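Each of the next two complexes has chain A plus one more chain, namely chain B in the first and chain C in the second.
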Partner chain A sequence: MSLRARVDAMKGSAPPRTRTADPAPPRNFPFRGNYLPYVAFGSCGILLFAVGFGLLRLVWVLGDGDATRWKAIFESYRHPLYIVFHAFALVALTWFTFRFFRLFPKTQPPKLGPLPRPPDAVFLIGLGAAFTVSTLLVGLVLGGALP
Partner chain B sequence: MRTLMLKLEPVVWGLFGAGMFVAGLLYPAFLLVATLMQPLGVLAPDALSFERAHALAAHPIGRVVLAAAVAFPLWAGAHHVRHVNIDFGGIGRDAWFGALCYALALVGSVAAVLAVARL
Partner chain C sequence: MNGQGTKTFVVTRFDPDRDEAPRTQEYEVPVREDWKVLDALNYIKDELDPTLSHRWSCRMAVCGSCGMQVNGEPKLTCKTALREYGDRVEVGPLANFPVVRDLVIEMEGFLERLKAVKPWIIQAKEAAVIEGTNRQTPEQLAEFKQYSMCINCMLCYAACPVVANEPDFLGPAALALGHRYNQDSRDDGDSERHEVFRGDGGVFACSFANECSEVCPKNVDPSKAIQQAKLLNVLDWARSFVVPRGGR
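Take a look at the complex of A and B:
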């Protein structure tokens, strides 16, 4: 007469791994489907760093009270490499902004306070209007048209 | 380090979201006017003269806008760069790389507050 099989006879000595392999990017990443714009969107973080630290440098020079250095920075911006970089950053960050605006409604909960979430178009119109107004305002102030 | 970053994730997300908005609303105009139109001579020569820029920046509203315009986008940038690194390099080196990204954003944010305080 044989012994009854134990139900845990095949159980391992340690809990099993929940994954068979470390997470890895899909095949042909990032050149397939929507991966390229996804990676480009993420890579705009480098531009945010570059522009943020560039702006910090300008504010720092203003704080130093050094008008000559301030002028020299703007003179250096005339270099073709700077022009190309800033033009690229302008196009890339504008695209980045509108992609973010398109994604933003999807990140919102079904209810915003007591009200249901408005349709995506409402968000897009509101964000587009905010972008237009702020860009005009900042442009006019920096450009000297507004005091 | 990884546990600390997980604990700080909600704070970082708040800064990241604010950074996306601030960068989206302010950077295109800044890039267009200050880094392209001014050097190319499209604007009046004194539009961004030192005296005018200093007066704009030293105004209380100017200080708040500038501090926000520098600090928040750095957090958005840090979060994006960290996640691109995860996408390409896996989670293995995220602990030190993510910490480096956020450390850069933190240093930049502190420097931004100091910079506007010096105006």
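Take a look at the complex of A and C:
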């Protein structure tokens, strides 16, 4: 199955010398190759926005100093819908992070200003270490081991 | 001719004077084992149907003229061996391009996009002749060399889902070419090109589907160029608050 390509795809600014046929889309557009994973990757931005909004709300309520509202929020986290959302967000954002780290070295030019790019191995080890340490820290804080 | 079997070619035909829309026509072609898809098209043109129109020139994957859809995939037909396909081979014009006739696409839009990224060396100050040639080290050359291997075959445009969706998108080859000049140590025009890159249809329209790099017959990596250009573009934008335009 293919959706239609835009009829004005790759058109020049002036009309062509003869009548032309409309462009055909790539086969299986837009379900082929890497297109859907990218759409999913981009859509994780909405998820990040939602999670960020939730965290902001939490900080806001904490700043108010209203213990009842604070407890009510934690109570709402036991709702099955929230648990489903939480599980989905966990899986999606873990996938997002891994994909981001996998793509990241490719996006780095050989030089940023005067600084040459470190070898890929150094890059990946650095990113992996940052991911591991930050995950551990968050785990320790959420687990109550750290204040 | 040494017969190695017969294949059915389903070729897209379009005559702007007669056809409302492209149609297909089938040809039975006696093929040889060492033939490329282009050889079969030339056989059809020479022996079966002289009205068939297709572009080709060098037959050695250098000129970039013979790009077509072969069984739905963008391919250089002079580089695509027929033995990789079954008894039925579909050949059509490159996807995402208006069709002029049969397998010939309208490439004016592509040429305009190439020109838009200023694919030439821009120097802030013309060097005096006495200063000699503008030399580069092998390391400086390595920073952009792969992007200069592009043969403008347009397969990347036929594979790109963003080209199919965004008519203003400059596209993989043009953006990679612009990045190639931005990475060139002899060039000072990166700020000018970054202005183009961050406009409508610039680098930020790219969704990193990576299809362009998958289909490139010369192993150029346009998606890599575009992602790097995004980062450099943001840095250029941030730098513009600190250093006035033209300052380096």
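Throughout what follows, the second predicted complex is superposed on the first by the 112 of 147 C-alpha atoms of A that agree within 3 Å, B and C clash if a C-alpha of one lies under 4 Å from a C-alpha of the other, contacts with A are read in each partner's own complex, and residues count from 1 in each chain.
Rule of thumb we're sticking to: contacts are C-beta pairs under 8 Å (C-beta built on N, C-alpha and C of every residue); 3 or more make two chains touch, one makes a residue touch a chain.
The structure displayed is predicted, hence computed values, not measured ones.
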### Summary
Between chain B and chain C, the one with more contact residues on chain A is chain B
### Task
State whether A:V39 touches chain B only (first), chain C only (second), both chains, or neither.
both
### Query
Where does A:L90 make contact in the superposed view: on chain B (first), on chain C (second), on both, or on neither?
first
### Message
Once chain A of both complexes is superposed, is A:V51 in touch with chain B (first), chain C (second), both, or neither?
### Response
first
### Message
Tell me the contact category for A:D22 with respect to chain B and chain C: first, second, both or neither.
### Response
both
### Task
Answer with first, second, both or neither: which of chain B and chain C does A:S134 touch in the superposed model?
first
### Query
So, does A:K71 touch the first partner chain B, the second partner chain C, both, or neither?
first
### Summary
Note: overlapping chain A surface for chain B and chain C spans 22-25, 29-30, 39, 41-42
### Summary
Within their complex, chain A touches chain C through residues 5-6, 8-14, 16, 18-30, 32-35, 38-39, 41-42, 103, 106-113
### Query
Where on chain C is chain A touching in the complex?
14, 16, 19, 21-22, 69, 72-74, 92-93, 95-101, 106, 108-112, 142-143, 157-161, 163-167, 171, 183, 207-211, 214, 223-224, 227-228, 230-232, 235
### Query
In the complex formed with chain A, which residues of chain B make contact?
19-20, 23-40, 43-44, 46-48, 50-54, 56-58, 66, 69-71, 73-74, 76-84, 87-88, 90-92, 104, 108, 111-112, 115-116, 118-119
### Summary
Counting only contacts in the complex, chain A reaches chain B at residues 22-25, 29-30, 39, 41-49, 51-56, 58-60, 62-65, 67, 70-71, 74-75, 77-78, 82-83, 86-87, 89-90, 93-94, 96-97, 100-101, 130-131, 134-139, 141-144
